[in-house]
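Both complexes below contain chain A, partnered by chain B and then by chain C.
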Partner chain A sequence: MTELQNIAKKLFDDGSINLLIGYSNNENGGTSAIFIDNSADIDKLIYNENCHQNLMVYFQKPEVKKFGKLAFVVSLPGLKSVLEIASENQIKDGDAYFIAIDKDGNPSLLQDFHQIEDFITNNQTKPPMGLLKLMEKINNMTREERWQYWTDEFSKCIKCYACRSVCPLCYCTQCITDINIPQWISTESSPIGNLDWHIARAMHLAGRCIGCGECMKACPVDIPLALLTANLNKSIAIHFGDEPGMKADYKYPLSHYKLEDKENFIR
Partner chain B sequence: MARIGVFICHCGENIASTVDCGKVAEISSKIPGVVFSTDYKYMCSDPGQTLIKDAIKKYKLTGVVVGACSPRMHEPTFRKVVASEGINPFFCEMANIREHCSWVHPKGEETTQKAADTIRILVEKVRNNEPLYPIKVPVTKRALVIGGGIAGIQASLDIANAGNEVILIEKEPSIGGHMAQLSETFPTLDCSQCILTPRMVEVAQHPNITLMSYSEVESLEGFIGNFKATIRKKARFINEELCNGCGDCTLKCPIKKIPDEFNAEMGKRPAIYVPFPQAVPNKPVIDKDNCTHFKNGKCQFCKTNCSAGAIDFDQQDQLITVDVGAIVVATGFTIKGTDFFPEYGYGKYKDVVTGLQFERLLSSSGPTLGEVRRPSDGKVPKKVVFIACAGSRDPAKGIEYCSKICCMYTAKHAMLYKHKVPDGEADIFYMDIRAGGKNYEEFVRRAVEEDDVNYIRGRVSKVYEKNGKLIVRGVDTLLNSTPVEIEADMVVLATASVAHSDAESLAQKLHISYDSYNFFSEAHPKLRPVETNTAGITLAGACQAPKDIPESVAQASAAASKTIALFSQDLLTREPIIAVSNKSTCVGCFLCQSVCPYLAIEREEIKDRNGNIIKTVASINSGLCQGCGTCVAFCRSKSIDLQGYTNNQVFSEVSALFERSEEYV
Partner chain C sequence: MNNYKLITKQNLHSFFDALQPKNTIIAPKEINKKYYFKPVDKFEDIALDYIQTVLSAKSVLFPRSDTLFNYHRADGDYNIDEPSPIEKNTIVFGMKPCDASSFVYLSNFFLKDYQDKNIKERLEKLYIISLSCKEADNACFCTSVGSNPASTKGSDLNLTLIENDTYYVEVVTEKGQELINYSADLFQDTKEIDKSKYIANVPQKFDVEQAKQNIDSIFESPLWVKDSLACLGCGICAYACPTCTCFDIQDIGSQFNGSRVRNWDSCAFDLFTKHASGHNPRPVQSQRWRNRIKHKFEYSVENLGLISCVGCGRCIRSCPTSMNIVKTVQIFQGV
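For the complex of A and B:
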């Protein structure tokens, strides 16, 4: 039994949890999420470098919530999303257990937000080089080139909303794109409809995105979606000095007024 | 099916001179759902209103669009007209084809087209309107007056005399403000204290007024009729109930050399003190920063000598929360010190004083008992130079406005000085004499003609000390800019009146607006000069802009009358233009709560029939919501909508703008 399985077993054995969401090998040779509701299935629980999905996306699903006591296997991005949704009143301290996987792949059990904050501070990683390079390349483009770049990228979008489905922060029960009275965002996969959707998505995640990159990995047509939110976060960090997913009592900079906020952009 | 009437107003020539109103009416008649459309010279006039009423009856209209002026002007008028015919008033919309169209564009087809488009947009809005009903909120008939200067005193007395409760708070140990510091007042030269102190006593004895001195506003919540103010009652280290005001403690205090604020630092006071003999309340206060007991615990002279046992070194600040329905802000002003002026010695010359300091030297209750003696050596100055506009009207100093009171008080100073030192010489450097006011010009003439005050039109570039004299170098611009040099014994600067250093933070606590000089802003410079933009909060006195006593008193009574009018109603009627939340789609992220400037968003727990909490959602307090719509813009799931400006209404308006077909041209 691995250390991860031991921790999971103990949680089931002492009745702490009714459901554990982790990773297991799937029939395609990859990994998928596994929902374990009794300790007999614990031997299927694994963790390796292929286990990237942000499992916190399941936290707000009613099908999961009905189990009551929950545990999640999470690495750094997952834990950041825990703190972010905590700051948005979606999870309370003690609502779930977290089996955190550190950068060396070792599991440990975290029970409260304070432990999560410490874990995040001690396990910071840099964003992948490829992403940074692409961001730099796009930021160095002229305005027109940049517009053309994104127009080309969005033209590939088939409006499958996979980006929305995998995002732990897209937890609205009614997404703005599903509202039809009035229909602010056109539903069809057309240049204008795609632009509407991606601007709305990026703006709704500005200053909230914790950078797990799942949207980009899930996109079947390879639109580098994480760049949009990463760049918005960068602007917010420059102007307001705040970063999401670091503290459970994060004050969303776009909605919180601070006396020391810069006003130099008001002319 | 909507049956909409469109009424285009010419506004005399205001609209008709650039917009073809007949054509707008004709184009509007083609919009589906519009069953009647006409134009008229003055729609707001009695015949105009009758025209609308008759059309409502004849064509069985369900909605009305009036193309006329700004809704701020006549929306209430036309909504009343519509309501009188039994239609919900919120089915009447105004298309602003005056301010937004005829006034800002030249005569021409495009201007007429814009007017027609504006009408079409509003027709689409009316089609999506829903009936709304006014909101009634209760009124707490108790006023909070902030600041106990003459403005605050007057406002308190007026409100209290009308039978309402008043809580008057003053941050200093005594009420009275600047007026208590003045010697005589222009233009009558009556003694300031003699006319002020009876009012101060009246405040203290009034059964409807609760006086809280040495207190400040900590925070404010709520809205018109229903404010909740938290007041910090600062520890004065005196049990006010026990203290009988004998003053023994102030005499026994071994510390005696603290610059006296009441005397504009021209005199000294002990660490336990009453600001001035006529103080209300006549209770001392311990200046903690200068008291030996608080520094090292070694002194208890005041305590051992207090026969009433009223000294309480352990007293703490108290936070007191009060419910009030209206607030009068009367926090006054302050003046720039001599240290603001490098050209006049940066405050290093003892005999260069401010107007307020000179006022204390003239006052019979002042440190020299009314004799004009200069601070450096106590000699009677034989030559005094007064410099008006010290800092005021000076863009280089960042104070572009006129401080308004200086012309008059400088004339008064010179006059009083001449009365006290008949063989002395008074010179006044001035830019202009601004003596607009009843008997003001006559007063200035009297200074020149009867009291021999020497007015020199010009600025002073430099004041410096030489052989015990102050050399004042200026220029006389009426004598072809001849340089003037005067050897003076004393120089009095009429320094600029400015807002208090904490004015900005108070404005932020009260959610009222303020100008670039931190003076509080009125709602309208002409027609609403005492109200702020926050309903229920009015302004009185020099916290709004520099003002003299008669003006401050007049404005205080005006603020009081606004407050009394508010208190004359048991229920306030509010427009139902407020946000509403959709509790089924709200996910409870409470982003709305963090952006709401009115603290109007509350958390509501949705429970199942067994009492288990299913979720917590946003719920909007209809009394607090001001309908700004910020929450609507922030709500990601569009679970909040603004009544009267719903997403659906706005969307249909925008769509209408883009759907201009040939028919509507």
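For the complex of A and C:
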């Protein structure tokens, strides 16, 4: 048994959990989420560099929640999502167990938000080079070029909403796309219709996105979506000095008022 | 009407050049190591050795957003105009046999009871040149749903690469002959050959008849939940699928001016079955996944006599959570 499997088995044996969400090999030579509800299946649990889905998205799925007490196998992005949803009052300390995988691939059981905060501080990684280069390229464009760049990218969007479905922070029980009286986000895929959607998505994640990149990985037409939220995060960090997913008591700048805020129109 | 011909790769290029000026040609194109159907005007732009595109070619017939009519109010009355759904003849060049066969399903779906005007006009002007598969991957399962990597079902012409850069051409329909006539001297007559040694080996993954018995009869079962826990309810599988036909009708504009548009929809979405009362008969994802499987293997057989899955494997390759329709069918075959 691997160390990961040992930790998982112990959680089942002492009755701490009803369901463990981790990774296993799948039929197509890749890895995918596995939902283990008894310790007999634990030998299927694996972790390697191909395990990249951010499993925290399942924390809010009703049919998963129904199982009761949950444990998750999570690496850095998953743990950042835990702190972010904690700061949004979606999860309390002790609501779930986290088997954290550190940057060397070693598992350890994290019990509370403090441990998660320390883990994150000790396991920081840099965003992929390709992404940083593209961000720099876009930021060096003129306003018109940038508009054209995103208009072209959005024109490819088929509005499958996978970018929303896979996001651990898109947990609204009713997404704005699921409301049709009135139809806030038009269902057609057209330049204007797609813009509706992408402005809504980016703004709802501004300063909340923890940068796991799930949206971008899921997008069937390869729109570099994570850049939009990353850039918005950057502006928020410059103006308010805050970064999501680092502390469980993060005060989301767009919904918290501080006396020392630069803007004074609200005083 | 099958008759058989040979064409060299070089002549295929000339054939393309003969077709190109008078037709819109849609073909697989490589973009960042993935393949998409796009309009092409140069033969060199076509990917001839791809395994499968991310999205199907169904949008040629059934676009993501399809304007049914435009309306505007003037002098106290409404004027309606129906834009022409297709201008030039359209040739899909090099789609795979599984995709070609999806067009048999699509035309049944859109024309059997009610004759959909836009689809009908597009079908009349649509020509399909399919390309037998040299290679497959482990998501492919055409042989499990009654097809094979060299099937001519749904094609007007079918090309199979045999030795020495030569394609074996089957002229399947009158429309196929019409295409050949653009430049008939590029082709050389030949006899029927056995294509099986030139095509990919796609192992059969399930026995569809046996699986169907259980898929048809099992409605309430924890299996549906267990098998779909990973599904997050996005629209990728339905939107990538060559045979998913669900749509949503919207009026875009004001009460004075606007268009009635038909957009793709997906049974994976929460809103798909939501009633005006707010009640949702399929409130959870397992019920939506069950609907997808039952539609493909049960309901569409009841309605049209055809399974609505051609085994292209797109939903498997593109699902962000690695849901796998083959695995589901295997589970039900084994119950």
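Just so we're on the same page, the second predicted complex is superposed on the first by the 262 of 267 C-alpha atoms of A that agree within 3 Å, B and C clash if a C-alpha of one lies under 4 Å from a C-alpha of the other, contacts with A are read in each partner's own complex, and residues count from 1 in each chain.
In this text, contacts are C-beta pairs under 8 Å (C-beta built on N, C-alpha and C of every residue); 3 or more make two chains touch, one makes a residue touch a chain.
All values derive from a computational prediction rather than experimental measurement.
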Worksheet entry | Combined model on chain A: chain C and chain B, fit or clash | fit
Item to complete: See if chain A has more residues touched by chain B or by chain C, and give me that chain.
Response: C
Practice prompt. Identify the partner contact of A:Y149: answer first if only chain B is touched, second if only chain C is, both if each is, neither if none is.
Written response: neither
Practice prompt. Report for A:P182: first if it touches chain B alone, second if chain C alone, otherwise both or neither.
Written response: first
Worksheet item: Which partner does A:K251 reach: the first (chain B), the second (chain C), both, or neither?
Response: first
Discussion item. By the touch definition at the top of the document, which applies to A:G30: first (chain B), second (chain C), both, or neither?
Written reply: second
Worksheet item: First (chain B), second (chain C), both or neither: which does A:P62 touch?
Response: second
Discussion item. After superposing the two complexes on chain A, what is the shortest C-alpha distance between chain B and chain C, in Å?
Written reply: 5
Worksheet item: Residues on chain A in contact with chain B in one complex and with chain C in the other?
Response: 174, 179, 183
Worksheet, complete the sentence: Touching chain A in the complex, chain C uses residues 31-32, 34, 36, 54-55, 64-65, 138-139, 225-226, 228-230, 232-236, 239-240, 248, 250, 252, 261, 263-266, 269-271, 274, 284-286, 316, 318, 320-322, 324, 326-327
Practice prompt. Spell out the part of chain A that touches chain C in their complex, as residue ranges.
Written response: 26-33, 35, 53, 57-58, 61-64, 158-162, 164-166, 174, 177-180, 183, 186-190, 193, 214, 217-218, 220-222
Worksheet item: Can you name the residues of chain B that touch chain A in the complex?
Response: 585, 587-591, 594-595, 616, 634, 636-639, 647-648, 651-652
Practice prompt. Note which residues of chain A are touching chain B in the complex, please.
Written response: 88-90, 171-176, 179, 181-184, 204, 251-252, 255-256
